[in-house]
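What follows are several structures.
Note that chain A is present in both complexes that follow, paired respectively with chain B and with chain C.
== the complex of A and B ==
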């Protein structure tokens, strides 16, 4: 187990190196520098700016500087927000995104697993079909369709919540639900499939024959194996929620990292974009590591 | 994938009707009402988008300022947008872009995924391990972020849009094809092909890939909605299709900005988009059941 974790950690090093290199050079292929968008910048000031940010040095030199700073966890200064570093911007906006994403994933797990278990207990019943079709709808109504529709219905017509903002607890409900619903649907489908597979196995029949109550069979015997597909789905789900936050934060005007990333992409804020991409990559890689560990813990058949 | 796969030929020449894999699959698919509905809806939507503009009295850019943001009426069935353009015609054109990007990007991902997976599976050993390790690593990356980066770097060009989307959506296809090739490789007809001294290229393209066609078709059907979703997602953020072209994604974006006063500008494009995704997913699921593709592990 320890060796597995160590090996996986070692694997992240080349991944992150590749991500850093790719993003650094890709962003420098952009026609037009970060200061071109501002009008009427006199050439001398532009040169000063470029010297300040090290953009006058050869690209390879810039790259080495960048990697060196990266090793210390320093993502560099922002080109657009004077005197602010990428680290500061991430520190200021990420907690909001983390809260949104955490709530979405939490909602998805609670509703998805419950619906999946209920559907698996009566396969092919009306209830099962209802759960499946709702989950299919969740897959086909992406966040950018659902978000505006929810605002239209719940905020503008029914006036239950605010259409945008991130001030009180009620403001969190709509964005988190919009972001989480598709994942709740997928989790429900996966739970149903996983549960059905386990429920058909011999050891469940044995447990039944021994007179175990159905609650006990589900909670003690089936859930552990039945949730395995859900656990392996959590990695992609987290990545999806992360990218989904771009749209959600734009629609609901939430001051999180996702919206900030999109703005930076529009502003050609080189260091901000590369910094956030690397931050996201680290996040996803470590989350996947966590998922793998949980998977091994849940599934004694996997050995390392 | 330009040559006709031998399997289909076999299906047409079999003396006994109903004996071939494809005929069986069709019989199974026909019983799946949702899949048939999906297929039919897709045909209708595609025809609507392809033929529709020719039958429409309006063009997608024609503005009529007396008809500014009008609700659906007998004159404009889907209403008009804020510039007085007929929304139905715009939906047809948007559908062409959305479906077109979906199909083109899927072809890109299909080509990369099938070749990559087939190579990994056929060569096997260390090469296979390395290639699949790379896929595993790529799986772990937040790809949409990279597509956004690509769109920023290369200036939101539509050809690059589907190249970029295709280039990130091939991973699952590679895994599936590799798995198929691994099982096919051990069968006698491949041994025979190797014994006959056929070149590897020929074995892969003529013998292995056509026999893995079932799963490839299933996952292609399921890749198209994923790709369309990504395109609409980028367009919604303003990073995808650029004006004056519009896809369903950009129409949903524009509609969302005006939904308070003119809800039909959001609801109608959203309905078309979702119905298409719905149909493709149901058709894909139906095909998967009909062709009996194992789904437990990809």
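== the complex of A and C ==
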């Protein structure tokens, strides 16, 4: 197991290198630079700024500098926020996205898995169709529809919670629910499919022939195999959900990482974009590794 | 509810007029159509017939293992120890299956749960039915594995099914079925998926376990040879009905029903070497179309118009019964 994890961590090095290289050059291919938008900057000051950030050097030189700092875990200074490094910015905003994403993921798992199991117990019954159509709606409704709808109903009409902001616990409810519903819907469908697949296997008939109760059949015989598709889905989904959703964070005015990512792209904040992409890549690699470990634990046919 | 019925000297299991139909989009498939039989304590009953003749569905119906829908038990009763299995609720059935009636299945590769250790599956009947403590149950499980001839049982019980061969898995299935010392074992083609040497071992194993424990066995098979060596009585099924029933010797030595006769003739080993292989012409009937008379009539070399009339299984010798109108009238001698 240790060797498996070590080998997988070694594989992440080339992945991150490729990601860093591609992003580094791709953001620079976009027309414009970080200081173009500031009006009335005298040419000499702009030159000073570029010299300060090393942007006057040849691009390949800049690239080597960047890689050198990256080796020490330094993502460089932000070009847009003076005196703040990308590391600091991520450290300040990621916890917010993490909290939002964690709550959304928790909600999504609880409701998604429960709905999926209920639907799988009586396939093609009214209960199944209800659960399946609700989850289909959840998949189809984009968050930018659902979010404003929730604000309209729960904040503006019912006045239960604030319409936006990120101050007290009640402010977490609407964004977490909006983000969670989309994932809950997918999880419900995957759970239903996975459970039905296992419930139709011969060994479930064996369990029934042994006199096992339905509860026992679900919990002991079906769940472990039935949740495998959900687990594979959770890897990339978790990385996405935890790094925050730009849409959700914009609708609800949440100071998270997702919003920074998009604004920095508009601002041509090169280091910020590259830094967040690398951070995102690390998370995806981490969650995929986690998923592989959980799958090996769930499925005895797989080995380290 | 399964009402206890007070009758003395009843057989262990008495099945009467069982009808199991599948309601599919293409019509009603009469998979089991008016089947009656009984089995005494400690007896071995063979059920033979080709694929789709209703052998397995008969036994699945008894234990409530028919997927419903589309399956439905239309009529009949199955009295097991004064209880009608067909009228039991799932909870009541759960007290009987795995405890008093156990079952082993055709394909040992798919009948064990790949996500659970052998240990957990093997001792499950003890945990469910006998409230045995886990530690004691594991001891009994190791003993059960030894009894079916698995070496290093104490270590191997911790394995997963994919670490076992097919024959080994069927041994595990048998150990699991017998761990609660059932009164009746239903074996649904347990050797079909195994190669011949392993088949022989499994048959010997079931014979030995039966001799040691005195349980009754229903052995479903399409292999006439296996059934001949194992069973005291045989039911021959065709198109969802029992067409001939009797002691093994008379079923094999003096078949009365033309279908059974044709089956015996198509066993290559019993024919002179070099003789052309006998086959029954035609195909089994489509069970979604109702048949009033003898279902074998279209393929039968003795068929006459009278065979279109309804025919029932009638006693025609000691313990022997045939469902052939012409045989019943003494018109054909095979």
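Just so we're on the same page, the second predicted complex is superposed on the first by the 290 of 304 C-alpha atoms of A that agree within 3 Å, B and C clash if a C-alpha of one lies under 4 Å from a C-alpha of the other, contacts with A are read in each partner's own complex, and residues count from 1 in each chain.
Quick note on the criterion: a residue touches a chain if its C-beta (ideal position, glycine included) is under 8 Å from a C-beta of that chain, and two chains touch if they have at least 3 such contacts.
All figures in this text were calculated on a predicted structure; none of them were measured in a lab.
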Broader residue contact with chain A after superposition on the shared chain, chain B or chain C:
B
Which holds for A:125: it touches chain B only (first), chain C only (second), both, or neither?
neither
Check whether A:21 is in contact with chain B, with chain C, with both or with neither, and answer first, second, both or neither.
neither
Touching A:212, do we find chain B (first), chain C (second), both, or neither?
second
Touch check for A:201: first (chain B), second (chain C), both, or neither?
second
Dual-contact residues of chain A, meaning touching chain B and chain C, are none
Can you name the residues of chain A that touch chain C in the complex?
201-203, 205-214, 216, 220-221, 224-225, 298-301
With touch defined as at the start, can you tell me which chain A residues reach chain B in the complex?
11, 15, 19, 22-23, 26-27, 29-31, 136-137, 139-142, 144-145, 147-149, 151-152, 156, 197, 235-236, 239, 242-243, 246-247, 250-251, 261-262, 265-266, 268, 273, 276-277, 280-281, 284-285, 288
What part of chain B is in contact with chain A in the complex they form?
137, 139-146, 148-155, 225, 229, 232-233, 236-239, 249, 252-253, 255-256, 259-260, 263, 266-267, 270, 273-274, 277-278, 281-282, 296
Would you mind writing out the residues of chain C in touch with chain A in their complex?
63-65, 90-91, 93-99, 102-103, 105, 107, 110-117, 120, 124-125, 128-129, 160, 162, 173, 176
